[in-house]
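Take a look at these structures.
What follows is subunit A paired twice: with subunit B in the first complex and subunit C in the second.
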Partner chain A sequence: MPPHVHPPNTALRDPSSLFYQKESNRRLIIAAYWVVLIAALPIWWKTTSIERLSLPSSRVNSQAAKQLRLPIEIALEDVSLVKHLQQELDQRREQSPLVWNGLDVTVQSKTENGSYTIVHDDNRVVASERRLTFPLRKTTVPALADTLTGLLVPRLNSHRVAHYAPRYRLAFTLLNEDAAAGDTINGWDISKAISDHLSPIFDALSVLHNFTVESQVQFHAPLAFSPRTLSEGVGLTPEDLTVFVNSAEWTLSSSVSNDPVLHFLVFVPSATRRPMYILNSQGEPTSANSFLLPQWGGIIIYNPPAEDTLQSPMRPLPPTALNTIFSKFGKQLLALLGVARLPAGVDNSHTGILTGWQLDALLRRRAFENAAEAAETLQSIVKLVNQIENMPVGQDVRGDVQDSLDALDRIYASPIKSLNATLQHSANALTLASRAFFNPGMLALLYFPTEHKFAVYMPLFASAVIPLLATAVREIAAWRRQRREAP
Partner chain B sequence: MRLLLFLLVVALVSAASQHEEVVGDFFSRSSNHTNNWAVLVCSSRYWFNYRHMANALGMYRTVKRLGIPDSNIILMLADDAACNSRNRFPGSVYANPGRLLDLYGENIEVDYRGYDVTVENFIRVITGRLDSSVPRNKRLLSDAHSNVFVYMTGHGGNEFLKFQDNEEISAWDIADAFEQMWQKRRYNELFFMIDTCQANTMYSKFYSPNILATGSSKLDQSSFSYENDADIGVSVIDRYTHYVLEYMENINKTSQTSMADLFAFYDPVKIASDPGVRSDLFRRPLDQVRITDFLGGVARAEVSDDDL
Partner chain C sequence: MNPKCRRLWFSLFLPLAVLSLHNEVFDEQLNIRSLPDGKVASRFSFTTVLVGASPPTPQNHSSQDDPRHYSLFPLALGQILHEYAVTEMHLTLNAGKWNYDHWGYPDEDGVGTGAELWAWMGDGAVSTVDERWRGLRNALAGLFCASLGSLDELRTTSPTMMFAPGALSNRTSTHSLRHASLPSEHVCTENLTPFLKLLPCKSLSGIATLLNPHRLFDADWHGMGLHVSWLPQQGVQVKLTFQTISDPLRPQSSSRDWSFASVFERTIQRSCPVATSSQIVVALPFGVPYTINPQPSLVDQGHAIFDVVQSGPLDVSLHWPSGFQYSTTRLAETTFSVRRTLKGYTQDNGQLSVLLRNDEDSPVNIAYLETMPWIIQLYLHTLTLEVDGVSRNDLLQNITYIPPVPHSRATLFQIVLQIPSRSTLKLTMDITKAFLRYTEHPPDAQRGWDLPPAVFVRLDGRPQRRIYAPALLVDLATPDFSMPYNVIIFTCSLIAFIFGSVFNYLTRRFIVLPVPS
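Let's look at the complex of A and B:
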């Protein structure tokens, strides 16, 4: 194409003499667009990329490989039996290694602080704080080893025990099935009952949990099913018990906090349905009047005695009933929290409060659980972050992971004797690991296949970039031609 | 895993313990759970999607009737059909042309409603990554002993489900969310049911263990509505959900009916699409999985004679 020639003798101005049509200006303008575009690339990259801080994965993996070991020292009064008892216990550990997992048991002759002592008593087997009396003879050593097994690693129904939480809310509810049917229990002296029966438990377990208590009385609490009618009163079959709680119509706890709730109900059957019995699987009434819903709470059915009814149709729960009910609630609470009972044949020296043996067994169990769960959660975080590529990892997640690892390290560093400190560190590690896992910022961006990305970007960018590219190509071609033709 | 194994052994040992009289020995039962949770999602809004609201509410009524407490049900309804100005029966939602049963009933707790029903909120509920200010009843607080039932309905396509007419959740998103649940031991077993077009593609990407999944129609198939009500003026329920709910009506809290029975009841002719089942991730045989293992209430109660 010949270069543009402006026709002579025309009134029109030569466009190439206009300043904005000057070649250099035009090229500068086009270049400016490109400069802005290229300069903006890092910003675009930064604003669309996800913050993924690196996690201490090797530390997490080495932590997960560790096994928490807790030593148990037993001091035996009778020196001659030390070896024999150690053998018996070792044998039991070999037989059921999973039950004894992480525990190192040594039997000694002398007492050291923090260890358990066994003293001779021919008549009684009594567990007190960290002491046990036992008839110590050569022939009784296997029996002693069995008793110790029951004390140190008690068998527990893990389905019943509530998941560990540093704080629980206990919701006590007195439910009248139907106050309108007559005879009603309209109140209870719950503060006294709690201070008499539950405060000692709260104190004993204060190392493990904090408790918040709430209570209420309800006057209309219908059942969602009809109990079976018996010759006298009504009966609840085992299946009925699983659906006893009519959660659709009973409001059992407030939802003011996110702490887990354990429920305790006293159910007073309507005057027309008394007495209410719990039936066994053959459909015969049993003497039991209470049952437990695993991890949920305890329920007691209270059938007011007929002679009370005659006195007044509207009265508070009598003190004797209150005592029976709350001592049972105490037992249910202990069961839900994983406190094991003393093995058969072992007496408690002071009734009501748990012994050091029981508390220690629970502390060890919770420490093992928490440490394992914390390590597992940390591993899950690392695994998920690797697996899901667009999952963000912010500073707070990394911080919690590191703090959790530190807490786990402290478990191993903490003075061997202090079970309390071990538990505190394990609980801390678990809380932090869970907080890291549940961090709201860790929500992965939704999955977009590549074609989706194209579909989103194309209409936006294609229309802007194509003219820019086209002009750039044209200008470069023109510039090269000019250079070639230049003399 | 080690902890689980440990707990299992402890549990097995303790079951043999002579001190505890457990009524209804649960080891004879197959499922290893103590509580049930349900997440029910209707992801579409607008009056003409009335049937999706009715699907979710029908499922809500069923799980509640079978014993899952409201505190354990997360109900997400993307629109409020009951209070829609076009509703000739204000405050009510019906799932059958005769309007025999008001699904809205007297006692209903919708946890996420209207514009709260988003993909993000759904994923947050499932993974537990909610802000600390979110109250208990809007959270899925399941644990390693929970069986979780997830039901979703709405408009969907190949590997996606539309939320609110403006965003989608993909099969990968749900699969990843379930994996995150599994990693944090937020379920023991999970039952996923979805009623949407090309529903079976939605569970094709799952990879976490112990998930049983079922959907209303296979790839390139639509899921159809069941029937119109002349007074309401729109379709009131989808075919698949209608037949599932019809089947559930014969189930009560103590029924022994298994999942295999439910799946055998699927009739592609009546449903007008091919419902699918995915059980390769699930470890129990389906004829031993009771429907109430997922849609039921408390698994068992323990009666003890006085001294626990």
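Let's look at the complex of A and C:
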């Protein structure tokens, strides 16, 4: 476009002499648009971006690579056997490194605070609070090493043990299969039974878990299958036991809290189906009347004796039966919580339910489990966040992850012999890690695709920005031309 | 131990055991009456009393380690009451419209359409009443598979006058009421199953055998209720009720005969062994010939009473030898009736109109409660009262009004009125309908918004009965959700056009061109 020259002999005013037609004014206006647009960009970016705080991934990875090591010190009364026992134990650790993973066993002669003591006693093998009596002779050292293995790293069916939780709810249910068929057990003195049989266990395990107890009686608890009819009574095959719990019909626990529930059921078969036996794999009745559902709870089948039936069609559970049932529940509870039995041949000194050996073994086991699981959960969070770019990571998630890492760090920093502190920190780390993992805020914008965003932005921005760009280009071109032509 | 010895030993322990069992008492009752329009009203009530128990107070409920042991009392419910320290609680889930004019007053007051929940809770706990109210709602939603979680702050009010506590009348200063209703809740089998699980005998023996979902949900009206209250002389009482109105005339239009088998398609085969009492009470017809089968164990004041525990298998039937004549006369007991409508066809305003008729020879005082969600806003200054076309604003005695807060709080509108004898009072009030945000629309197919039923109470009558007006449906302005991108593109084109024009005018260059001659 040639530079325009106002026609000389006209009555009209030259538009370029008007103030709003000045070149500088027009350029200012265009520049103002661009300034607003550029100034708005950070706001736009801030309001539409997803909050993704960075997670301490290097710390998480280094934490996952760490292995928790717990020392075990054994003081032997007989100084001459110290070296021999150490050799035997080291040999066992080499044979099964997985079982002994993370444990450093040292045998010494002097007694220190927090170590286990082994004393000579020719007659008995008795475990008490961190103390063991054993016939100490050169020939019995391999046997002692075996016993110590059983005490320090007991074998457990790990599928059976419930996941660690700081608080469990124990739901006791007395189920009458069909009360209307006659002969009903309509109650039980459960408070007494619990204080007799379970309260000692609660006290012994109070460092690990708290317990909430609830109980109920049900009068109609139909089975979801029909048991096999025998010549006398009915029988439950091993397959039946796996589907024994009819969770559709039995409301076994309340749902007021999120604590894991361990169920304990007393099942009273209907008067028409007594006695009810548990069959072995050959289909023959066994004398067993209880079974354990791994990680879920324990079930006891109670067949009321025939002579009781004459008493009254409606009666509470007789105290003798209550005692047998609840001592069995006690054993089932210990099994579900992962408390190992003493190795064969070792007696309990009768001072309590659990010896220090058993409790320590459980504490160590839970600490290892929790620490490993916490580290694993943290790794999963980091991996997940890296994989999904739309996943928001808020301050609370980052805080939980950091707190969990701090708790894991404290495990290593905690006084080396305080198993309780180690467990508390590991449990804390696990709780925080799972809370971060299940944070509902991380799901918020998961399904907001980029295409959607462009579909919303394009119609507005394309049509507004194109004239802006075009004018800017034109003005810059004009400006450069002016400069070139200027003398 | 020989049997004799065992028996002796047993008898020593028996009294102790019986004592402990007496802590919980379960009673069940079924009331059946035939209605003048040929329908049959039945009310099941299952009552469990925790004898001597006092309701959980916020002060004593905190301990988590406290064991809970129940035998007849439902554990799932007991834990909820304990966890949220609920003193008194009433939950009703109803379907249909209770026809007061033809069916009279229901045995249980709470017949409002949909879900209604109200609870009295003590103050002074670690968690506030509102926090516990939220917890209670969600816990009950889980227990009953109902969408009670939506009874949120948008629907919660505190109308203390209408929903007075049973035994707490002198303690209202330390307790607070929370009330909410959800008229759009649909009640069906998934709510009945958890209801039955709360009963000690489920639906396997006793009167509850008759609760056959296929028949109950086919009834003209049905509703279930859960009422927890504290009776100072007895203890904490849980009453589970189920009411139905079934129509024996539907299959055969000439006979109003009914029996358990025809109404419920079930009969009672076995009694519930743990029920202290298990009664069926049938209201006998008056002044017409009838036969009732089997013979009742007791007839008292026009009611036949059957004891299920003693009778064995039971199928009660009532037979009228004379055919059925439909009568159009209204029941004498309902001398007060209500018609409530929402007028106006636009989507932004309308008029609420309530017709209250008093058939008595004396004026009656009525308390009237509206708990509207904020989407409906009342214009209080347009409130008019008319009797036969004559304005009678003097009949208005008292107004309590808590205005709504958009997007957060419901309206509470409560007035006391006097209705003159043998007349119809017309109350009208203008309303506006709110314009909702995009995200406030429900994600399902739109049929309008259900408004909670209004509640009326006769203040001079004893006992005070709550009367529910039917729920209303309101149509709010609803955007076309099917074309958001079209809307975006149209809007953007318009904005781009305006922007372009303005920008063009601002940066345009004017020049004078000589016209070549």
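Throughout what follows, the second predicted complex is superposed on the first by the 401 of 487 C-alpha atoms of A that agree within 3 Å, B and C clash if a C-alpha of one lies under 4 Å from a C-alpha of the other, contacts with A are read in each partner's own complex, and residues count from 1 in each chain.
Note that contacts are C-beta pairs under 8 Å (C-beta built on N, C-alpha and C of every residue); 3 or more make two chains touch, one makes a residue touch a chain.
As the structure is a prediction and not an experimental result, all values here were calculated from the model.
Asker: After lining up the shared chain so the two structures overlap, which partner does A:Q311 touch, if you call subunit B first and subunit C second: first, second, both or neither?
Answerer: Once the two structures are laid over each other on A, A:Q311 reaches subunit C alone.
Asker: Looking at A:T242 after the superposition, I want to know if it touches subunit B, subunit C, both of them or none. Which is it: first, second, both, neither?
Answerer: Only subunit B; A:T242 stays clear of subunit C.
Asker: Applying the document's definition of touch, where does A:A344 land relative to subunit B and subunit C: first, second, both, or neither?
Answerer: The first partner, subunit B, only.
Asker: Mind working out whether A:S255 is in touch with subunit B, subunit C, both or neither, as first, second, both or neither?
Answerer: In the superposition, A:S255 touches subunit B and subunit C alike.
Asker: Please work out whether A:E373 is in contact with subunit B alone, subunit C alone, both, or neither, and reply first, second, both or neither.
Answerer: Only subunit B is touched by A:E373; subunit C is not.
Asker: According to the stated criteria, A:R59 is in contact with first (subunit B), second (subunit C), both, or neither; which is it?
Answerer: A:R59: touches no partner chain.
Asker: Could you tell me which stretches of subunit A are touched by subunit B in one complex and by subunit C in the other?
Answerer: The overlap between the subunit B and subunit C interfaces on subunit A comprises residues 249, 255, 257.
Asker: Along subunit B, where are the residues that touch subunit A in the complex?
Answerer: Against subunit A, the touching part of subunit B is residues 1-3, 5-11, 13-20, 22-24, 26, 32, 34-35, 64, 67, 69-71, 107, 119-120, 123-124, 127-132, 135-137, 139, 141, 143, 145, 169-170, 172-173, 176, 179-180, 183-185, 253-254, 297-308.
Asker: Could you please specify the touching residues of subunit C with respect to subunit A in the complex?
Answerer: On the subunit C side, the touching residues are 3, 6-7, 10, 13-14, 16-17, 20-21, 64-65, 67-72, 74-76, 78-80, 82-83, 139, 142-143, 197, 200-202, 204-206, 270-274, 485, 488-489, 492-493, 495-496, 499-500, 503-504, 506-507, 509-514.
Asker: Where on subunit A is subunit C touching in the complex?
Answerer: My answer: residues 4, 6-7, 10, 12, 14-16, 18, 21, 26, 29-30, 33, 167, 174, 178-180, 182, 184, 186-187, 189-191, 194, 210-220, 222, 249, 251, 253-257, 307-308, 310-316, 318-319, 455-456, 459-460, 463-464, 467-468, 471.
Asker: Give the list of subunit A residues in touch with subunit B in this complex.
Answerer: 96, 98-99, 101, 155-160, 163, 225, 238-239, 241-245, 247-249, 255, 257-258, 260, 278, 280-281, 286-288, 290-296, 328, 331-332, 334-335, 341, 344, 368-369, 372-373, 376-377, 380, 383-384, 387-388, 434, 437-440, 442-444, 446-447
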